[in-house]
Structures are given as C-alpha cells and as structure tokens.
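Per-chain numbering from 1; labels A, B and C assigned in written order.
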Amino acid sequence: MQGLIDRLSALLSDGTVARVLGWKKGDMPYNPEPHMFETAESLKDFVYDGFCGANLSKMMIEASKLEGKTAVCLKPCDSYSFNQLIREHRVDRENAYIIGVGCRGKLDIDKARANGIKGIEEVSGTELDGPDSVSFKTIYGDKEMSYSDLLLGRCHVCKGKEHMIYDELWGESKDTADSERFDEVKALEAMSPAERFEFFKKELSKCIRCNACRNVCPACSCRKCAFDNNNFDSQQKANVDSFEEKMFHIIRAFHVAGRCTDCGECSRVCPEGIPLHLFNRKFIKDIDELYGEFQAGKDPEAQSPLTDYTFEDCEPGIVAERSNG
Amino acid sequence: MCNCGSHDSLVPQIGIITGITQETPDVKTFKVNAPDGGKLFEHMPGQCAMVCIPGVSEGMFSITSSPTNKEYQEFSIKKCGILTEQLHSLQVGDEVTVRGPYGNNFPVETEFKGKNLLFIAGGIGLAPLRSVINYCLDNRENYGRIDILYGSRSADDLVKLQEIQDVWMKAPNVNVYLTIDREQEGWDGHVGFVPTYLKEIGFSTDCIGIVCGPPIMIKFVLQGLKEMGFTDEQIYTTLELRMKCGIGKCGRCNIGSKFVCKDGPVFRFDQIDELPNEY
Amino acid sequence: MYKISLDNINSLFAAIAESKELFLPVKKAGQANYANWTEDCEVALDSLKTVKSPKDAFFPQFETLYKVNRKIIPTDASEEEGSETLVETKLRTKLEITPTELKDKDFVVFGMKSCDVKGIEALDKVFLTDPVDNFYKARREHGIIVALACHEPEESCFCTVFGVDPADPSKAKADVATWIVDGELYWKAISEKGEELTKSVASLLSDAADDAADAEISNITNIMTKLPNTKLSLEGWGEGKTDEKFNSEVWNELYKPCLGCGTCTFVCPTCQCYDIKDYSTKDGIQRYRCWDSCMYSDFTLMAGGQNRTSQVQRFRQRFMHKLVYFPDRYGMYSCVGCGRCVDKCPQSLNVVKVIKAFENEKKEAGANV
C-alpha cells in the first residue's frame, strides 16, 4: 500500500492531478470511507485493503466538474461503471486520472458477524498481498476466517481481473469467481411463479425505503429522480407492504436495464440485506439471450442493445413465447 | 395552547368557503367558516393555519382577518403553485380542511401596546399584517400613531385596496402611503420601490417597525430602517419555510433549535440574528 | 426476581399473545427486525441489534391518520343567482373526515435494549410536548416494555456515553427488566404495568435469586469499558453550542462521502422527522404520515428554492439536531449510542466519526497554538 501512497503523492506533487479520490482509514479496522485527498500530507490517512468495497466511479460525476484532474482508484469491476458513465456523458474522461488498483475480492463484515464474530478490535490479513485467511482480534477472543468466506456476494461471480479503462495500474488482481454468474438467476427461473413471488415478497417486505441502493448506483445518475417527485399521488415514501413498494425496485431495475454493469453496490449497501442485484442480473441474462452477449461498461463505444435497433432484434412477441415455454 | 379539534392536532376541521374576493389578478381572499356557521377557531394576529384540498396538497397560510372579526376567518392567497392554483378554482360552498391556528403571534397585547406602529408591506406580504392592522384599529385606544407603507408591482396588485381606502385611510391618526413599482396609467400616487419610498418619507424612530414582503424587499427595508436609526429590537417580521406538521415535530422548518411553525412565524430581528444562517 | 427456561419461552410468548399484541425481534429473510409474534415466526432474542429500532411500535414508519371522502354534490339551486348556462358551478365539494381510531389495546414490546428504551424517551420529548400527538400518546399508554440486558455488546455500541446502562435494564424507563443467562430468562417487574404483566403470566414463571442477573450485570459492565467507542467525549456538544459547531469548517470535509440516503435516519431509534401526504384510493383519500429523512434533497425544498439546498447543510443539520439543537430544546441528546448507523451507513460515515472529527480538529488546533 505504501507504494500506492507514494505514487499518488507524486501525482499530487508534480501537479498531474489536483486531488485523489480514494479511501480514508476508518475508526474501526473495517470501515474506511470514500475520501477526496487534496494534499500529499493528507494521504497519511489513505488506505486500500479488503474493506474498500465502495465503487468510486459515481463520485467522479461531481469530481469531474472540479478544476483540474482527479486521480481515482478503480478496482477492475469499478472500471466498468466508469466506462458506462463515460458513455452516458456523466463523467469527463479528460478530467480523470485512473489508477487501476489490484483486487483480490472485497470483504463483507456482515459475513464475519454472521459467523459470530463480534467485539472486533483488530483485523489483519486484509491487505492486497495478504494471506488467505483473515484474523480477528475481538474482546470475546481471537477468530479466523478464510478470505474467500468473507467475500462480498458479487466477488463470487467476479467479472475478471482486467481493468476496462485506466491510466496506470497498481497491484495484482485475482479473478475470485467460484460460481457461475447466472446460477442465482437460474434458481429463480426454476421456481414456480408463486414461489418466486413469495421469495421477492419476503425479501422486499424488508425494504425501509432508505434509497441507499438508488443513491449508490452508478447507473442511477439522474439529477432528479422520478421517485423524488412530491406531486406523485402514490405512497412512494411509505414502506407499506403493497404493490407500490415493490414497484420502486422493479421500476428502478427497468430504468437501469442495459446500463447496469452488475457492480453489486445495491446489494452491498442495502441495510436489510435484500439481494437487489438479482433483478438487474435477470435483465442482463435476458439481454444476453435476446440480443447476444452484452456487458455494459466493457466498451464505451459499443452499441447498447436496448437503445440501438437492428433488423435482427427480437419481436415483442418473444415475451409471450418465453412465458409459454 | 392548541385549540385545533379534540382528536389530534394532525386531524383537521372542515371549513366551508363562504365568500371569495378577487383582490388582484393572482390573489383571492377566501372567507372560511365552520360547516354549521361560526368561526373555526379563535386566533391571534400573525398566526397561521394549514389549509388543504384533500388529494392535492396542504399549505400553511397566514390568517389575514383580524381576531376582532367575530364571524369568519379570511385567507388571502396568491396563485403560485399546484395547491394555490387549485384553491383559486374553488367556489363559494366548496369545502376545504383547516388545521390551526399555529405559531406565535405579533405581540399586540404586550410589546405593541401603547406604541406607535409602522407597518411596511410588499405585495402579498400585506396578508399577515392586515390581521394586525385591523386588530389595532378595532382597539384603537391601545395604540399610538399608525403608519402603513404598502407597495406592489402595479396598482392592480395592491391587495385589499378597497379596505385600505375605505377603512384604513379614514381611521383616526392613521397615515397610509401607497406605492407601485412602475408608472401606470390612471395611477396618480407614488411610484417607486418600497425601500426607496421608506427613505423618502423618513419615519422617526419612535415606533415599532413591522415588515413583511418578499425577501429582497425585507433585506433593503431593514437596511433602510437601520440607516434611519431603528434598532433590531424594534423591528418585527415573519419567516417562512417548508412546513408539514405545523406543530414543531416533523423536523422540516427548523433554523437551529427554533421551529418556524411553532416558535415563529413572527420574529424580532435581534432574535433572527441569533439563529444560524440557514434560511 | 422470576425466571423461565428459554426452552419454555414460546409458551410465555403464547400466553402474552393471548390477550395482547406481542412485538419482538423476528428473523425474516436473514434479518432481525421487530415484528408481531406468530406461532411459526423465528424469534431472534439473541440479536443484539435489530436492523430497524423498535420505535415502529410507537411511531410506525407508515400510518393512516384519517380518511377523507369527497362528494361532489349539486347545491340547492335557489342559492344560485340563476344562470342556467353555468351548470357546473352548481356542483360543490363536500368533505367528510374519518380519523383513524387511536390505539386502544395493550401491547407488549419484548426484548428492547436499554438504548432503544432511551430512544423512546427522546421521542416522548417531541410527541408528548404540547400540542400532544395523540396517535403516539395512545400507543405509549398502551405499550408495555419488556427490556432485555445486552448480552455480549459489540464494538459499535457506545450507549454508556449517553448515560444508558446496557447491563441493567431495570434502570431504563421500562416495565419489566430481563436478563438471559445460561438458557434462563430472568424477569423483574419494575413498574405497575410490569407488575400486571407479571401477574398475567405468573403461572409460567418460577422464583429466582438475584445472583445470576447480578453476575451478568457486572459482566456486561466490564465488557462495556473495553469497547472503543465508549470512551467518546461529548465535550463541546450540547446546549448552547450552535455558533461554535455550526460554523466549523469540519463539516465541509466530513459530509463528502454522504450519499444523501436515509439509512441512518431510518435505522435510528430517535430520528422522528416525518412527512404527511395524501394518497387517493378507490375508497377516498388517505391522509398518511410516514418517516422522512432530513438527508433527502426534497425534505425542506420550497418552490422558492429554500432551504438547506446542499448535502453539506443537510448532513450538518442531522448531527447538529442530535447533538446541539435537541439538547437546546429538550435537555437531552437525540442519540442513544445504539450504533446502528455505525453498522449500516453505506459509506461508513456515522455520528461517532462526526464526534471524533471534531475532537481531532480540537487536538490539531491545540497543537498549532
């Protein structure tokens, strides 16, 4: 990590960039926060470890409006989001200096908690070149978990160790995929409609309407969200267990379809642990099947299946055919 | 304190519109009564109420009639948004819901008593002050000289002009100064912005200043009054922020630890100075 | 002091639920939240912190305040000054308001932690201050709180900073205090309501000595001293600190990662901001109240553009409200140190980091002198 700090510090000192968007050490061993570093001196608080899961791409929308370049640390999967934002003209490529940081998967502290780990004082083994197991020093005794058991759900279907866009790279990456990307979707498709409805009803009934999923989502970059319209004659702010509540997530999934890179931030931030990525991933699978394989954010120049028309496109009747099949 | 129905301060009463006056092209004054006649509640000058068209929206409006009016309450409402547009489409006999009265009031029974009063209003800003002016006129013996400086964009935008001419101008020891922003055919009165006219007239500081109008007018009137020697302690105004509950609980309209809906809307300028700069 | 074996706890729940609604931590789709007890629910008394606080029991996230029926009726023609061309002007809108019934049955909130009970004290300050919120008041009158000691508190806990005792719920403003030790639930009534509840389930309880609970109290008290955030200092916060804190530069740095979502406000036991809205249904218009968040961009927005239009202003508002404005107004902090925001903020911002940032600023300022 010191190598990275030194490099960022040099970029600041030689005037290549005016600021660095990275992560700042938290007050606990597992809660670093996204942070804008303006001086080389302030980089003493910079951190990059297994808990730096936050995707910084979206913060570049605001950062690219600032004077001078911003160096931003992007993990391989974050680089897809950044590319997609370039395509949507939401970030300015010229104002970004992208450090493609290595990644061996990011960690989910809730996985440790679910494993009974609490009263955490120290955590070690989370650095990029760290060991395969993570050690926890807690007031209730020392615990250990394997790095892979602590991974965020999204890392088990890692899109690969390649950065889609960068100015320079730092650190080794590892493809952490150990299950098929569409397995969870296939399991949903295998359910009867009633089972599937029950599944989503149960999950979505936990929604507290905090909007964290929307606000963190790099594809949700509208200046004013339709759901923030106070003149809606709907219960959009209430968490009533009704059709309206579910519509929020379904409408959002439709809105980001074809643009969602499957970065998994929605599921990472949900305070109720709702697997929101499943909606988006179902769309991705359908798009792949109907229009040919497509990965949003892979190539900012590529045609997007839902906004470009070709003679080969399927007819709307496909919906009926598929639901009968 | 709150005499707004028994069930809860959040459950309104039904009010029936018993009269509508088109004051200006975009201001109407609505008379409101309880469905079986009589007033909805008793209030003090400066207090507000939440008026609502169910299914549309609810908004806080100052009660423009004086408490000395024993028959009804009045609201002068300017058309400037979805709710006010819908209110303007209502007719005599239609019902709305009303909650209140909310907030504090001008200290007509304490600090104002026995004093000379200088009212300075711009446009629809007359609405809250009209309640105070009529209260003072109906208890004329309790107050000294009353000066009223009222301005608007044009002669057509002067709210309650009839009442100003027929009642206020004829009342004892009351001076009314009217002004409009731009020259207009048929207007032989003063032309110019309120703050400028204020300085031209040059009121003495032996009175209490009560200011209400658009923020920009308030800003320059305040400057003018200070140049004339007024202190913050002798100037009052009303503040307005987004409100939902009206009772200091929903958390919207606070400035620092004060809620405009409950601790306001009436503030003395020295009190405003103490608040964090967030309004 | 009484006790009941955890093996038998379901019969206790069933006995309470026979005559009262029972609200307690229930696990659903992997997360523990307060919910109504049913025979087949997965009770999660061992969850230290539910995702949402139990404030829903007294101040639900969503409630209908009243219904309005709107009737368009023709008015008596004699009232009109007779033009027949304006037929539509003779239609008038008449309203009928049906308020929602206030809570009139007793209910039990089981397993509340001392911090969450303290959170209700903060809500009381707001809702029971004149003019009283009768919807809330009715729930407070009918709610019976069974508080539970915090077995094995976690690193995000810092309730002791706000004078909460997580070890001894009998010090909280609850009705019954309980402890879970070695498979037994120890039970002590601490109010009249608590005594009555105890009587109603007495056949399931057996007498117990105080030692087990006493040992648990000293055990928890000891653990609390080891937790990092319990050493937090509130010096410089509280009544009368508006100018000093409001104008600090610290906010301008601190707020930056804030997403402007409502997670912190919705998991918080003391946040009480709400919205009031109308919802048209086929049986009339529902006036409802729901939680709102001062973090949301439309919270204070007016047609004229005022006020708190930037996220830094909204971020500052939330913490100033908890740590300065609320103490100014009600004489207590509006934070109880439950640590939910510490656990749940998507960007790892929280009240602890805010307090620490100001501490650091003070230290740095001191070092520069």
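By definition in this document, a residue touches a chain if its C-beta (ideal position, glycine included) is under 8 Å from a C-beta of that chain, and two chains touch if they have at least 3 such contacts.
On a predicted model such as this, the values are computed, not experimentally measured, just so you know.
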Most centrally placed chain - per-chain CA mean versus overall CA mean | C
Farthest chain relative to subunit A (centres taken as mean CA coordinates) = B
Please report how many Å separate the Cα centroid of subunit B from that of subunit C, as a whole number.
-> 37
How many angstrom lie between the CA centroids of subunit A and subunit B, rounded to a whole number?
-> 52
Distance-wise, how many Å sit between the C-alpha centres of subunit A and subunit C, to the nearest whole number?
-> 30
What are the residues of subunit C that contact at least two other chains?
-> 275, 278, 280, 292
For subunit B, write out the residues touching at least two other chains, lowest number first.
-> 55, 57
Overlap residues in subunit A, where contacts from two or more other chains coincide = 233
Within their complex, subunit B touches subunit C through residues 1-2, 4, 7-12, 14, 54-58, 80-81, 90-91, 93-97, 240-242, 244-245, 247-254, 256-257, 276, 278-279
Would you pull the subunit C residues touching subunit A in the complex into a rising list?
-> 28-31, 33, 48, 51-52, 61-62, 152-156, 223, 226-229, 256-257, 259-263, 265-267, 275, 277-280, 288, 290-293, 296-298, 342, 344, 346-349, 352-353, 356
In the complex, subunit C touches subunit B at residues 65-66, 68, 70, 75, 79, 89, 92-97, 99, 102, 126-127, 129-135, 242-243, 246-247, 272-276, 278, 280, 285, 287, 289, 292, 294, 299-303, 306-308, 313, 317, 320-321, 324-326, 328-329
Counting only contacts in the complex, subunit A reaches subunit C at residues 26-28, 31-36, 54, 59, 118-121, 139-140, 202-203, 205-206, 208-212, 214-216, 228, 230, 233-235, 237-240, 268-269, 271-274
